[in-house]
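One structure is given below, encoded as structure tokens.
By letter and in written order, the chains are A, B, C and D; residue numbering begins at 1 in each of them.
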Amino acid sequence: MSEHLLEVKDLAVSFSSYAGKIRAVRGVSFHLDAGETLAIVGESGCGKTVTVKALMKLYGNSAAFIEEGSSILFKNEEVVTMDRKQLSKLRGEGIGMIFQDPMTSLNPTLTVGYQIAEGIRFHDKSVSKEEAYKRAAELLALVGIPSPEERIKQYPHQLSGGMRQRVMIAIAIACDADIIICDEPTTALDVTIQAQVLELLNELKEKTNKAFILVTHDLGIVFDFADRIQVMYAGVILERGTKYELFDEPHHPYTWALLNSVPSKQSQRKGTLYSIQGTPPDLMMDIKGCPFADRCVYCMPICKERMPEETPLSETHSVCCWLEHSMAPKVKAPAAGGEE
Amino acid sequence: MARYIIKRILYMFLVLFIVVSTTFIMIHSIPGDPLTATVENLPEATRLNYYARYGLDKPLMVQLFRFWKLFLTEGSLGESLKYPGRMAEEFIVKYAPISFQLGIWGLVIGVSLGMMLGINAALHKNKLPDYFGTFVALLGTCIPAFVLAALVQYFFTVKHKWFPTAGWGGAIYFVLPVLCMTLSPVATYCRYMKSTVLDVINQDYILTAESKGLPRGLIIWRHVLRNTLMPIVTMLAPSVAGLLGGSFIIESMFAIPGLGTYFVKAINSRDYTMVVAMNFLFTATYVFSLLVVDLLYLVIDPRVRLEAKQNRRAVASNVPNEN
Amino acid sequence: MSPMKTDWINDTEGLTPEMFVTVGVDESKDRVLRPHISYWQDAFRRFKKNKLAVFGAILLVILMLLVIFGPIMAKHSFEETNIAESYHPMDKDYWFGADKLGRDYFARVWQGGRVSIIIGVSGAFICAFVGCIYGGIASYFGGRIDSFMMRIVEILSSIPYLLVVILLSLWLDAKGIKTLLLAMCLTGWTGIARLVRSQMITLRQSDYVLAAKLLGVKPLKIVTSHLIPNTIGLIIVNITFRVPSLIFSEAFLSFLGLGIQSPETSWGALCSAAQTVFTFKPHLMFFPALCIALTMLAFTLMGDGLRDALDPRQRK
Amino acid sequence: MKKSLSIILALVLVLGMLAGCGQKQEAAPATPSTPSTPAAPATPSTPAAPAAPAEPAKPAEPEGIVVNGETIDKVQYLNVVGSDEPGTLDEFHNSVAATGNILSNLFTPLVRNMDGVLTGDGCESWEVSEDGKIWTFHLRDNYWQDGTPVTAQDYVYSAQMKLKPETAFPYAGNWYLIKNGEAINNGQMDASELGVTAPDDKTVVIETEYVVPTLLNTLTFYPQKQDHYEKYGDKYGTEADTMLSCGPFIITDWTHNSSITLEKNEKYWDAEHVYMEKVTVYSIAEPTTSYNMLDNGSVDYLAVADNDYIERFTARDDLENTRVQLARTFMWFFNMKDKYFANEKIRKAITVAFDRDATVEVLLGGVPIKAKGLYTHVMYEGDYNIREYDGDLIQAMIDKYPDPAALLQEGLDEVDGTKAADWTFKAGFGSTGSKMKEQAEYWQDVMIKKLGIKGVELSFDDYAIAMDGWQTGAFQVACLSWGSTADTAYMLNLFTTKSNAIPVHFDNPEFDELVNTLNKTVDPDERIKIVQKGEDIIITQNCLVCPISYNCNNVFEYKYVRGVDRSPFGNSSYKTVYTVGRP
């Protein structure tokens, strides 16, 4: 039993391909409360999108499946064992999702209004067609699209990228879901639109008591949007905590590296941006020790032997790294943006 | 939009005129005189008036002109050579509906069954429905029509005597020929449907639809189908046009008074009028169904429709460029 | 936050100090885990992994070999009639039995295979090639060019194919594979042209095509490198259908005396000849129909494999 | 969920279609009940006869009618397969030989040949003048379908129409034997001069150009009602409702390329002896379909040509097999105008080399009979059977030239000396069917092996187109089958310079003279000698043709069918047919 809105324990998701089994998420646990915003940060391919999609068992046409022993409690209902009917109730009403590329996430042959109203009318059969369209217009207004009545009749390719993303947001909140998952909502947009969309999401946060999960690789937007941050790498969580804890006193070398690679005023002078060497490990192979070991500057033999335990640093802050161990040499986090 | 349709109809008649005239010239330039068998041992006098009766004694271009004049004034396509006394359009009016009836039934059942199998095969890739779909496609295209007709006829009328072997009358004569005619559309449309559905199913907007909690059936019906209609509709035009010609083999196997037999015999016996009339019928329906398909493009795909509108506004003066 | 084990930090059991010596990034390990391979290499690698597609390819190779060496292997020449052996049953002497004139059916099936495969395969590919380019150009330019090209397609596909073949066999004064192939190339490609055009109209709207146009890429290049790969699915399915349909259209023409001239034969001609005795001697119909089915199966499986391998979107 | 739903739906659909139709047809008895009457609106039943002359009302027999001692079935119906779909039922424009079968049921010929016996149908009696040129027929009281009487004028009108040039009657050549017939047809004389006159309503007099002892077997002379014919003009004979018949049956429905329905004509003079209420004649293009129809009983009798099916039907006990010889010869013929085939040795070499046994036994399934000469076994001159009288000319030729290859080389040397090994000739065939192609391929192989020649070029065309080519002489060897009438002179006439129906271009005055004398002699003993000499010129001396076989019909008939008339010449009608004990 848990008092959290969402409680995820040892979530593991794998893909079966004819070349073998790819273990994209390897045992992830976290929780989320109403009104709170959690950011999941990591390089692309670290399993963050797979994690959030697994919350709604959204596999699309891929051959993904949730491993045994995973548990996802949403309002104390176990999602992993939900059948089709329960799932369709959860999606839209329980959890809404905003996708990354607005250009391809809307059906080109259906009007924008229809694609919004469709969700409303499915979840609440009593709503008539006109009411649903009226509701859709209100939503469009809510997400800041001018003259919504006319826009409803238009088709996706008649709208700009930013506006389409707003439509996606409207769809996600159409049935006032409790959790809104934003899967890299701004990546496909240019900077100015990005700011508008973020500002819109922040407004939504204040106005509604919804919980948000922001999945991104762009640390720049995380600080002013999320409450808690989790750093994921190769299917596992390396460090998590409130945004202040993570930005001010990061404990994991990977988090240091991530923070260093954010272009800030100081680094501009040096001209070169810091980037982490190497590439993430092949998820098809079993990884014995810490997945980041091969690319970690402070790597020790023990790192490659065994996976470090999760060490709590404060009520909300914890890290999985051998540097925390008593026998490990004490290392100070490099100054933000400084060269190692 | 109306201007666009009118322009297309004009094009239709132009294409019809060109094709029928070319066929007229082609069939007349093939050596071999169709009237030999009937007039071989007639005296010179009667032989000449026999040719005159069909206007064959005039130069080719004059004959072509007379053909179109006859058609435009009296709407007649000329008298058949092989069946004296019967005008070509009589055959079309009497028998095309029968062939069409059979064909439409076969196509409707075939296409709907094929699309269902195709969707299933796409949704369950490399599992049973997929292999079943491929098997049906294989069956449909590799079994020649006459083998299928022979098997169906033997099984249903000789072994079990459930149906009359041949002849034409009430609905009961419909069953076996239609059964034989459904196999090939099922095969074709199953394969094409699978291919297009596979393309659409991986699109992002399907994931969005799923994230709204819509059941799979609704997603297939509302989202997937709409986007797969484009190629499927394109294929409907030629198959619909082919129906009027009837299927020579099925109609001769089941003794059905359709156009199929006339279609093939005409060319074999160089029955000029019938060949031209048959081609006229085929081209007219084919070109008409193409127009319908192009209009359907506009209905199905809003992008095409909007582009047609925008271009017209942008290019005010000349012809709207549909695509 | 649920309470977490804090004593882990001091648990030194089984640990030794040298385990904690910083070794830094392991350069040797820094090889590229997944070597970057070109689009075609990746496609080939994925194609190789798809068991069914490989089976299709092997099947096609076997068919090709049989068609080439079959008539040579057989004990009797495919033309030599031997009336005493009429309808000889299948046994070690006549592997597929004999037809009504006592000719060895094994040799005839594979001799016929040569004609059918040439017509089926080359016909299908020529039509697909011409059709794709034509359809691509028509859909790329749109507007008046497109409607003009489409009218040509309509005219060509309405002219009765039978007449075209008859006239061609008269002008070239040769009835045989060459005439059939030429006739097919003149009118055969209209079907796929229309299909490809309809698919490409929607693709034309997508951004990468607009981007390519902006970069000043030549239209033909855009069609071949952007539009066609994205309609590869449709094209391949069309080819897998054209092969058997061409084989049977050749049979229909031989039925009318316009196809290949005896004593040459083809699978389609064998099928139509075997039709009359079909209920009594099904094997005469079974073998040629089986060969056509196998050819199409090979193409279908390879087609599916190719479509998955070549489809850029499914490249993981 | 989706998968199971659609598969179930597909199955339901298919089963629904089958079941739906299954029930509609009442519990199918052993053989399917008569196919439901065609949806096409049945033509109005025979219009109420106007005040027809008082006809003796025949008392309907209380229980079943007794024929030849057997009580026939209560319901009399017959299903048969007609060979070709008739182009038109207008006898003046019909060029399809098989249509005669339907016409013989709709009209009353003056004399009908029933099982070889000449019985008066249109006429009660007839007599011939001493010089054998004037025939007088006394008509009986017979009525058209609409009750109006059949008069001698109807017969005269029909004869005149056939010879008028404007009608362009395809078989006008057969009627040149009537006085002035040829002249009228060439437009030199007016139709009224024709040798067919009607002194009064009940007598028809025919005067022939020359003596034709077998006139009654050669001409089928149907009446045509002038006002009815002119009312429809070109449309006459194109649909069932344009027909007016006076024969044993009337035509009530014609679904083209499917079936023709004949019903008993109550107005027919001998209606009492017509037992069939309804006859459905199917026009089936596909042989396998007709065999299936015989197999499941939806057809009562059928000529079977395929030896596989012959074996299957012979094994059945409810089918009777009878072999009917036809007066039709299947042969190759040579083009005398061609450089090589003008040479007699080359023609004889090919005729001798021909493998008739294999062709008849294997290729044609043992149905036909091996040819011994031009005339078939069913041709008689008086009491003499021509075939027995002339003997086996082909075997004689084979014995005379044991080595055809050497004979061929002799011929080639005489012409231009080309070696046999690099000589080829072209053979034309008048059908594109796979059966003909199979035979041609076999003969091709036989000729190459036996004569040691380089090759034989085969070409297949539709009959009309092929004949057109042969008429103009654009061929070396061609193949066709030709049916003869009972008139023995008919076969010889085909080779005369004037007719050249079989385009060998013989142009031999001595032979033409021989045929003319035949046409003048009456005495059978004299005629048989002339016929023998004629066949000797055609086969033994000049070998214009290479006869292969004589066609036969291998007919299978259900045991309950009786009285089917199968004379080789007459167009058999269904008048005498009845069934006893149909299941």
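Convention: contacts are C-beta pairs under 8 Å (C-beta built on N, C-alpha and C of every residue); 3 or more make two chains touch, one makes a residue touch a chain.
All values reported here derive from a predicted model rather than from experimental measurement.
Chain pair with the highest count of contacting C-beta pairs: B-D.
Ranked by how far their CA centres sit from the centre of chain C, the chains are topped by D.
Annotation: 51 Å between the Cα-based centres of chain C and chain D.
If you average the Cα atoms of chain B and of chain C, the two centres end up 25 Å apart. Separating the centre of chain A from that of chain D, both taken as means of CA atoms, is a distance of 89 Å.
Distance from the chain B centre to the chain D centre is 38 Å, each centre being the mean of its Cα atoms.
Shown for chain B are the residues in touch with two or more other chains, namely 150, 154, 202, 216, 268, 301, 303. The multi-chain contact residues of chain A, meaning those touching 2 or more other chains, are 84, 108, 157. Residues of chain D in contact with at least two other chains: 1, 288, 432, 461.
Every pair of chains meeting the contact definition is listed here: A-B, A-C, B-C, B-D, C-D.
Contacts from chain C toward chain D in the complex involve residues 79-81, 83, 86, 100-101, 255-257, 261-263, 272-273, 275-281. Within the complex, the chain B residues that touch chain C are 11, 14-15, 18-19, 22-23, 26-27, 29-31, 126, 134, 137-138, 141-144, 146-147, 150, 154, 188, 191-192, 194-196, 198-199, 202, 230-231, 233-235, 237-238, 264, 267-268, 275, 279, 282-283, 286-287, 290, 297, 301, 303-304, 307, 311, 318-319, 321-323. Of all the residues in chain D, the ones that touch chain C in their complex are 287-288, 306, 308-309, 312, 355, 358, 362-363, 432, 434-435, 437-438, 440-442, 444-446, 458-461. Residue ranges on chain B touching chain D, taken from their complex, read 32-34, 36-43, 45-47, 49-50, 82-86, 90, 94-95, 109, 113, 116-117, 119-120, 123-124, 129, 150, 153-154, 157-158, 161-175, 178-179, 216-217, 220, 251-258, 261, 268-270. Interface residues of chain C facing chain A in the complex, by the touch rule stated above, are 1, 3-6, 8-10, 12, 15, 17-26, 29-30, 32-34, 49-51, 202, 205, 207, 316.
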